[in-house]
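Listed after this line are the structures, all set down as structure tokens.
Paired with chain B in one complex and with chain C in the other, chain A is shared by the two complexes that follow.
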Partner chain A sequence: MITVQQPGLLTTVQDLGRPGYQQYGVVVGGALDALAARTANLLVGNEENAAVLEMAQTGPALCFSQSTLVAWCGADFDAQINGEPCPRDRPVRVAAGDVLRFGLARRGLRAWLAIAGGIDVPLVMGSRSTYRRAGLGGLAGRALQGTDQLSCGDASEWSQQILEKLLANGQRATAWSVRPDTIGRPARVGVVRAMRGPEWEWFTEPAQQAFFQATWVATKEADRMGVRLKGPGLALAQPREMISSAVNAGVVQIPPAGQPIVLLPSRQSVGGYPRLAAVAAVDLRHFTQLRLGDSIRFEEISVVGAQDLILTQARDLTRVRLGLSRLLA
Partner chain B sequence: MQITPLGDQALLVELGQTIDESTHRKVQSAWRSLAAEPLPGVTELVPAYTTVTAYYDPVQAVQAGAPAGQIVDWLSDRLRERLKNPPKTAKTKGRMVEIPVCYEGEFAPDLGVVAKQAKLTPAEVIKLHTKTEYLVYLVGFAPGFPYLGGLPKILATPRHAKPRMVVPAGSVGIGGQQTGIYPCATPGGWNLIGRTPLALFRPALHPPTLLSAGDRVKFRAITREEFLRQEAGA
Partner chain C sequence: MVGTFYRSPSPENPPFIDANGKVDEKTVVCIIEAMKIMNEIQAETKGTIVEILVESGQPVEYGQRLFRVKQA
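Then we have the complex of A and B:
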């Protein structure tokens, strides 16, 4: 059992999302950075789709009633176990009575904490992800609160052996780590790769050029659905109302005011604003770390190029999975 | 029919250019054909007014035989092939659903905007809006949100340049030539002309929405008192 001593600013239970219900308008959602959540799960011996805790800006304080393995990935949070630093990107041993406390994110915005066995909440429409707008999934469809108790599934054999090794060596954490941002071919800092969207041709040439040349600044209008950016106004070649059609995470919508909205996994299923561009799936994670005033640039990539990045990331992740399984061989 | 990539994990299958019942029928039929048997790598199909979007996993597509550099072409060919030779599927008949709406006061902050651009009085807008029979073209945007077709042309009003950060649950809105109902509080750019006390999203039931694509809808004007009574009873 895990007792929530402090909930953090916005901590939710998330897995890899709730696909299959978009025809009812139910968002896919899930961990905003799927790669970070999957890596954290692999590091504690979980299935990659196990439920983790997603935190934003200020993390939770959690008291563990029994020893287990945890791992967190994502932004640079000030994380401590009983006042000692709790390192990122590796399996960490917690003992009964330990308090794992996440303070402020020093850089970036969000992190994902996996616990051996995965957070045990009911499956709703095939997923454990919290969908706050509809009050579904996770813990009663809401963010963590101060008095919550969390339970976890059974830890895997791998997890138990790593835990025993750490204990035998008197170590808190492993010396080795797996950093999600070394998996696949990450973008350069401050740059995300993006493809032209279905309505690319609707925009003026200066707008098309500005999109890939300008530096865009994150505004305060940012949540799990999307991030609104500020920069040069992007105009349509002629006024045109779009017929609502499906969108996806990463789609860059341009409302009439001309400022882009980059959609994140808790986006709506259908949208009515022209889709100027779409961020490469592997680079979308950068938008989950943007803070007010952070800047970012778009660099053009082809669909084939973006899919090559997806395939490369998948191959690298397979290598990580294999490497971890061989640790105990 | 045109197939266009929407980013690196979805394809738009375009079956028409306008919102009309004939395109709607094509979309519904294409959707049923594609959904009848799974296509390699396709994870989800979402119908809209003129499109069916096929979401896919490029890794699964490659595992199913797609050449790594030609996933889009490979999948497009399979989508076209399926639509050319559709499997037999059962037809489902839509229902008629009446939706009570209060068009008064704070429930209708944009009724004046719609009336002004239509050069009608608010009472005439309400009369026109309730007289019409609408078709549920799709459910999307938010859980249970029906996109309704059939809005009298004169009532069409452009979306707000900047969407509201919060639109209250039950709000009935007009966005361009579309009208619909917001089932839960969400950001949105449509002109709000009324509010219903009915719950449009019912997650414990299957299907989890009051309305499904293909249903017919009529609005009935109710007083503020009736709204409050129904809301309390709901």
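Then we have the complex of A and C:
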């Protein structure tokens, strides 16, 4: 059992989302950075889809009633166990009575904490992800609150063996790590790769050029649904209305004011603004770390190029899985 | 090949240790990456780094010398 001593600013239970119900208007959602959530889960021997805690800006303080393995990935949070640093991107041993406390994010915005066995909340439409707007999934459809209690599933054998090894060596954490930012072919800092969208041709040539040349700044209008960016106004070649069409995470919509909105995993299922571009799936994670005033540039990539990035990431994740399984061989 | 040798935790970070740097048994001196797992390597001796024998990003073999250390 885990007792929530402090909930943090916005801590929710998330897995890899709730696909298959968009036809009924149910959003997919899930961990905003799927790669970070998957990596954290692998590091504690969980299924990659196990439920984790997603935190933003200020993390939670959690008291553990029994010893277990935890791992967190994402932004650079000040994380401590009983006042000692709790390192990122690796399995960490917690003992009964230990308090794991996440302070402020020093850089970036969000992090994902996996606990061996995964957070045990009921499956709703096949997922444990919290969707706050509809009040469904996760812990009663809401963010964590002080005095909440969380339970976890059974830890895997791998996880138990890593825990025993740490205990035998008197170590808090392993001397090895797996860093999500080294998996696949990451973009350069401050750059995200994007493809032309279905309504690309609707925009003026200066708007098309500006999109890939300008520096875009994150505004305060940012949540799990999307991030609104500020920069040069992007105009349509002529006034035009479109019939609402499917949108996916990463789609860059341009409302009439000409300022882009990048959609994130908790996006709606359809949208009525022209889709100028779409962020390469592997680079979407960068938008989940943008703080007010952070800037970003778009670099053009082909659809095939973006697919190649997904395959490279998948191949690297397979390597990680193999590498982790061999640790105990 | 055992893995890839890295002198710093990530490209943005300074190296763990430079020539003339002092180490003890527990000092982390490099990372060896294999299968995307970053293994932190400790000096396992006390002394001063005399020479770093491999470049960051270079593949390394079993038994390969990575550092020359003058023991204290």
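What we mean here is this: the second predicted complex is superposed on the first by the 329 of 329 C-alpha atoms of A that agree within 3 Å, B and C clash if a C-alpha of one lies under 4 Å from a C-alpha of the other, contacts with A are read in each partner's own complex, and residues count from 1 in each chain.
Keep this in mind: contacts are C-beta pairs under 8 Å (C-beta built on N, C-alpha and C of every residue); 3 or more make two chains touch, one makes a residue touch a chain.
What you are looking at is a predicted structure, and each value in this text was computed from that prediction instead of being measured.
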Contacts of A:316 with chain B and chain C, given as first, second, both or neither: second
Partner chain(s) touched by A:206 [first = chain B, second = chain C, both, neither]: neither
Contacts of A:326 with chain B and chain C, given as first, second, both or neither: second
Most chain A residues touched (candidates chain B, chain C): B
Contacts of A:244 with chain B and chain C, given as first, second, both or neither: first
Chain B versus chain C as contact partner of A:182, first or second or both or neither: second
Which of chain B and chain C A:85 touches, first, second, both or neither: neither
Chain C residues touching chain A - in the complex, by the definition given at the top: 10, 12, 28, 33-40, 42
Sites on chain B touched by chain A in the complex: 4-10, 12, 18-19, 43-51, 53, 55, 58-59, 62, 68-72, 138-145, 147, 158-159, 161-163, 165, 175-178, 183-187, 189, 201, 203, 207-209, 213
Of all residues in chain A, those that touch chain B in their complex: 19-27, 124-125, 133-134, 136, 195, 197-198, 221, 225, 241, 243-248, 250-251, 255-257, 268-272, 275, 278-281, 303-304, 306-311, 314
Complex contacts: residues of chain A adjacent to chain C: 175-179, 181-183, 189, 316, 319-320, 322-324, 326-327
